[in-house]
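Look at the two complexes coming up: chain A is in both, with chain B in one and chain C in the other.
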Partner chain A sequence: MLAFQILIDGFAISALYALGATGFTLIFGVSGVLNLSHGAIMVLAAVAAWAAASVLHLDTYLGALLGVAVALVAALLTYFAVVQPIQKSRRIPNEEKEIFVLTGTLLWGIMIQELIAYFFTNNAKTVLPIVEGVVDILGVRTPRNEIFTALVCCLVIGLLWLLVNRTRTGKAVLAASMNPRGVTLLGLELTNIYIVVWAIYGILAGIAGVLLGMFLGVSSYSVGPLTASAFSIVVLGGLGSVSGSLIAAFVVGYLETLTAYLISPAYRTIPALLLLVVVMYIRPQGLLGRR
Partner chain B sequence: MAGFFKSRLFFVSLLVVIVAATLPLYVSGYILGLLTVAYYFGVFAMSWDLLFGFAGEVNFGPTFLIGVGAYTAGILNNEYGWSVYLCIVLGALASVVAGFVLALPALRLRGPYFGLTTLVAVLMLQNFIVVFADLTGGEIGLTIPDVITIDANANYWIALGFMVVSAAILYGLSQSPIGLVLQASGQDPVQAGALGFNIVKHKLAAFIVSAFFSGLSGALLVFYFGTASVGTVVDVAVGVNVIVAAVLGGRRTVLGAALGAIFLIVAGEFLRPTGELATFIVSAVALLVVLFFPGGFLGAALSREARS
Partner chain C sequence: MTNTSRPPVFWSVRRLLGASAIGLLLTSGQALAADPIKFGVIAEAQAIAGASIPQAAQLAADEINAKGGVDGRMIEIVTYDNHSSSADSVRAFQRAVNEDKVHAVIASYVSEVVLALMPWAARLKTPLVTPGAASNEIPLSVHKDYEKNKYTFHGYLTSAALALSVCDAAKDLLVDEKHMKTAVIMSEDAAWTKPLDIGYEACLPKIGLKELDHIRFSPDTTDFTPIFNKIEGSKPDVIITGISHVGVQPTVQWKNQQVPIPMLGISSQATNETFGKDTNNAADGVLFQAVAGPGVAMTPKSVPFAEAFKKKYGNYPSYAGYTAYDEVYYIADAIKRAGSTDADKMVDALEKTDWEGTIGRVQFYGKDDEFTHGLKYGKGLITGLLAQWQDGQQVAVWPKEVAKGPLKFPNFIKVTSN
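After this line comes the complex of A and B, so read on.
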């Protein structure tokens, strides 16, 4: 009984983590950018979906779509307003661009977070789920919404896999992550590839944010923890490795669920952090990372 | 080094310190309290700048060092009632040990991987504090029975004196041959090693110095507040502010970091009437500085002087 409960709840959480972390790792793999405004963009998507339903009185599907669209715009804005100016700046030495991108996206994230708090308060917001009701799986009462979340996450990740491996655009993205100079020599504009990647990222983060808003609810306080969890999942899996972060998402998701059910919800994040420290010392490039 | 005492920077700093030292004569206790915190914060930012600007190590968890120093001092005072000064010294020493532990992965890992380890260190410390709430006061915070003094002027002068001494030591270190070796090993470790410098020894030293000042400042701060809490000395957001302060003031200048820290705290206070938008405005200004004046306040001023 408890075992099934953990299995089902853990799966939904893990799938959500996986979706959130995939976009994050994709950007790092392709352009070497660690986007610390990740959590803010996810929360923004959820709040937009919530506002669409409770302020504009749109229906849930439209609200969810609006949330994803807002995340897409926010992601592109992050790229054009923060990341690109730093990457192109001549006054910042190349070896320091990393820390500038980190600082810049972090500040950007704080700005988004504060705007959300200003216009929509710090209160937790739960987006109305698209599907409602409860079903019985193997004796565990499971909200339909939880199943829906897991299914959408798997579907979107599957679509992403198809996009990257089976389309021309996807192959260009893959090539840019392996050898940016080679891609440029083949006549592809690197900036265009980056825009595509940020757009994909925006959609992924938006879907993950809206689903999170339906499943657990969000507030502007969740920004930091969301960024941190995406960060640790991606590090555990290996920076830039999408399959690594999928595995890591499930490891972290199940570890947290196990701890929460078997020991205490208060210790939820500790085993995952301990695992992270051990991995950093033994295998700093992560489970499937390249050096 | 001798040239420094004749440079314009020295006279400007001297003037600023003299003006700052006489402030208690004509400003209110409220402003003094604000500046007291800002000065301790300035030491956090300067210690961080020594690691990042000179040793080239991106420490995302300055609050790990600060928090260990602050909480060690606070817990010792609370549990055993040892004298304030002994607790402060022991807090700084605990922070040095923490810096040593933090430095170990730094000698093996490069780039973002090290930054991540330091971030994880902060999250671990935060969890540790919450789990061992009996000892640490948990999320509510630890109440500390003793304070250094309750006189606002004395507190202000202690903080100012501490910042000036730390600034002199850290700046002197950064301009000394040791600072140059650090800078070389931060920018090109292979070549610095090939020139015969012991990189491991220098980086370890940088970590220990940075940890010592962070811990000392953290311990002093909790004895000023009379309380230690996750929100004031450990939270990742505090660490972010330290980093922003250092970048804002001008990285690789040490003194600029203190300026950035004072600016952040004073600006945050001035904007308080704007309510929740205060943090937004400070972040937006910081972002604009990062984008358009990557050298920071002092970096921009110094390069203009060099040009003229």
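After this line comes the complex of A and C, so read on.
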């Protein structure tokens, strides 16, 4: 019984982690940007979906769509207002641009976080679930919303795989992650590929944020932990490796669930962080990362 | 013979200077008489519970000023947002006293913040009153080192008193009415819940509720699924809560997972009017302790204050709003009785406080009591109340004198005695 419970609960949270981390690693893999405003964009999506339903009294589906749309706009704004100006700047030496992007996105994230706290307080918000009620799976009473969350996460990750591997745009994105100079030599505009990737990222982060808002709820305090969680998963899986991030998300998700059930909910995050330290010692490039 | 007479121009300059000096003296004398009494209000402006603190304080000050102030002196509220941080609060306290020259400070609903401010109230000899922190350590520290910490007053119930209030309500509503026998304590790991849990562990067996398990969790917990599953495994009749930093998330997950066990206890966020909307009405069925609430006449002042607050700010006050409102009144009253804003005289007068506020009759425990400068708890003073979220509304259910209806639980709750 307990084993099934851990299996089911662990799957839902892992799938959500996987979706959140996929966009984060995609951006890094293609454009080399570690976007530290990731958590803020996820929380913004969830709060927008909550506000759409609670303040504007929109339908739950419309609210969820609005949340994703807000994340898409926020992601593109992050690229155009923060990342691109730094990357194109002639006054910042090339070797320092990465650290400028890190700092820029971190500050951008803090600005979003403070704005959310200012307008909507720092109390947690939850998005009304699209499906309600519970079902019995192998004797475990499971909220339908938990199953819905896991299914949507798997579906979106599957669609992303199809997009990257089966479409011309996806192949260009893949090529840009492997050899940006080669892509430009083929006559493709690298900036356009970056815009596509940031748009995909915005949609992924938006869906993950809205689902998180439905499943667990978010507050402006969630911004830091969400960025840190995505960062840990991506580093564990190997920076830039989407499949590595997926595996790492499930490792972290199940490790946390096991700890919460078998040891104590108070120590939930500790074993995953210890594992990260161990992996960094033994295999610094992460589980599936390239040296 | 020398001529001592002065030219007319000299006389006129001297007269002008003399007149100006007298005028200045008179003006400064009038300014002194009308100098405002300044209260610093340090609060968590971005949290719902904290946002009500400066608003309620301002409302009280406006009312007092409209009636002529305190012996002709107006009350001025100077507010500081502490961003829920102890370090920011200490800086705000220093600025309030050293630069803005406030006469007293009303600060925070977070125990850790108030405990950090206490040494500064002692060093800068400025009365400090908290409208919402609960830790027993606040009045205990005053008791242990009275001469140093006498400037701090605990304007909200201690965790020990809150535990008593919850147990008193649980006995009437759950043990006597519903014949419940077992409970699991679920509380967040924070300064205020340590004495609360000790209080629960002491009083629950006395009222006939056997404690089956005791779960403490980190205040940054987001996934409560394992916690609720563990509690369900113990098969208790009720979950006794001690939560403040969290509230929305455990409540929503309790409903989404359809945990069939009722929750009763301290759930600070549930005291806010917006809690229903924040949880998409998942709060229905949650029982929470409060010191006052909308439409509940704990005293004749409770309802008029709540309505005036709503009229001015658009929402009902949080629990810390009621206490902050009372605090401005009884500090002003103490200044009037002391006839001075001298800190030591204010402390003496505050110790003699006997004020009917919005939450009950406010009196403080004395120097020789264990909880020195803590609010006195008990019938005829402050008892608190128990309310329940029902159909998106907060409904008082205990004590009988203020109850507006019976208990009402959502369908997934099984009110049974295991």
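The working rule: the second predicted complex is superposed on the first by the 291 of 291 C-alpha atoms of A that agree within 3 Å, B and C clash if a C-alpha of one lies under 4 Å from a C-alpha of the other, contacts with A are read in each partner's own complex, and residues count from 1 in each chain.
The rule we apply is simple: a contact is a pair of C-beta atoms (placed from the backbone, for glycine too) under 8 Å apart; a residue touches a chain by one contact, two chains touch by 3 or more.
In this text, all values refer to a predicted model and were calculated from it rather than measured experimentally.
Enquirer: Given the touch rule stated above, what does A:266 touch, chain B (first), chain C (second), both, or neither?
Expert: It touches chain B and chain C both.
Enquirer: May I ask you to decide whether A:145 touches chain B, chain C, both, or neither, giving the answer as first, second, both or neither?
Expert: A:145 contacts chain C only, not chain B.
Enquirer: Could you say whether A:117 touches chain B, chain C, both of them, or neither, answering first, second, both or neither?
Expert: The answer is both, since A:117 touches chain B and chain C.
Enquirer: Residues on chain A in contact with chain B in one complex and with chain C in the other?
Expert: Residues 117-118, 266 of chain A touch both chain B and chain C.
Enquirer: What does chain B use to touch chain A in their complex?
Expert: Its residues touching chain A are 52, 56, 58, 105, 108-109, 111-113, 115-117, 119-120, 123-124, 127, 130-131, 187, 236-237, 240, 243-244, 247, 251, 275-277, 279-280, 283-284, 286-287, 290-291, 294-295.
Enquirer: Contact residues on chain A for chain C in the complex?
Expert: 5, 9, 13, 53-54, 117-118, 121-129, 132-134, 141, 143, 145-146, 216-217, 219-222, 225, 256-257, 260-261, 264-266, 268
Enquirer: Note which residues of chain A are touching chain B in the complex, please.
Expert: It is residues 34, 82, 85-86, 89, 91-92, 95-96, 98-100, 102-104, 106-108, 110-111, 114-115, 117-118, 224, 228, 231-232, 235, 239, 266-267, 269-270, 273-274, 276-277, 280-281, 284-285 of chain A that touch chain B.
Enquirer: Which of the residues in chain C end up touching chain A in this complex?
Expert: Contact set of chain C toward chain A: 46-48, 51, 84, 189, 215-218, 220-227, 229-230, 246-249, 252-253, 256-258, 269, 272, 274, 277-280, 282.
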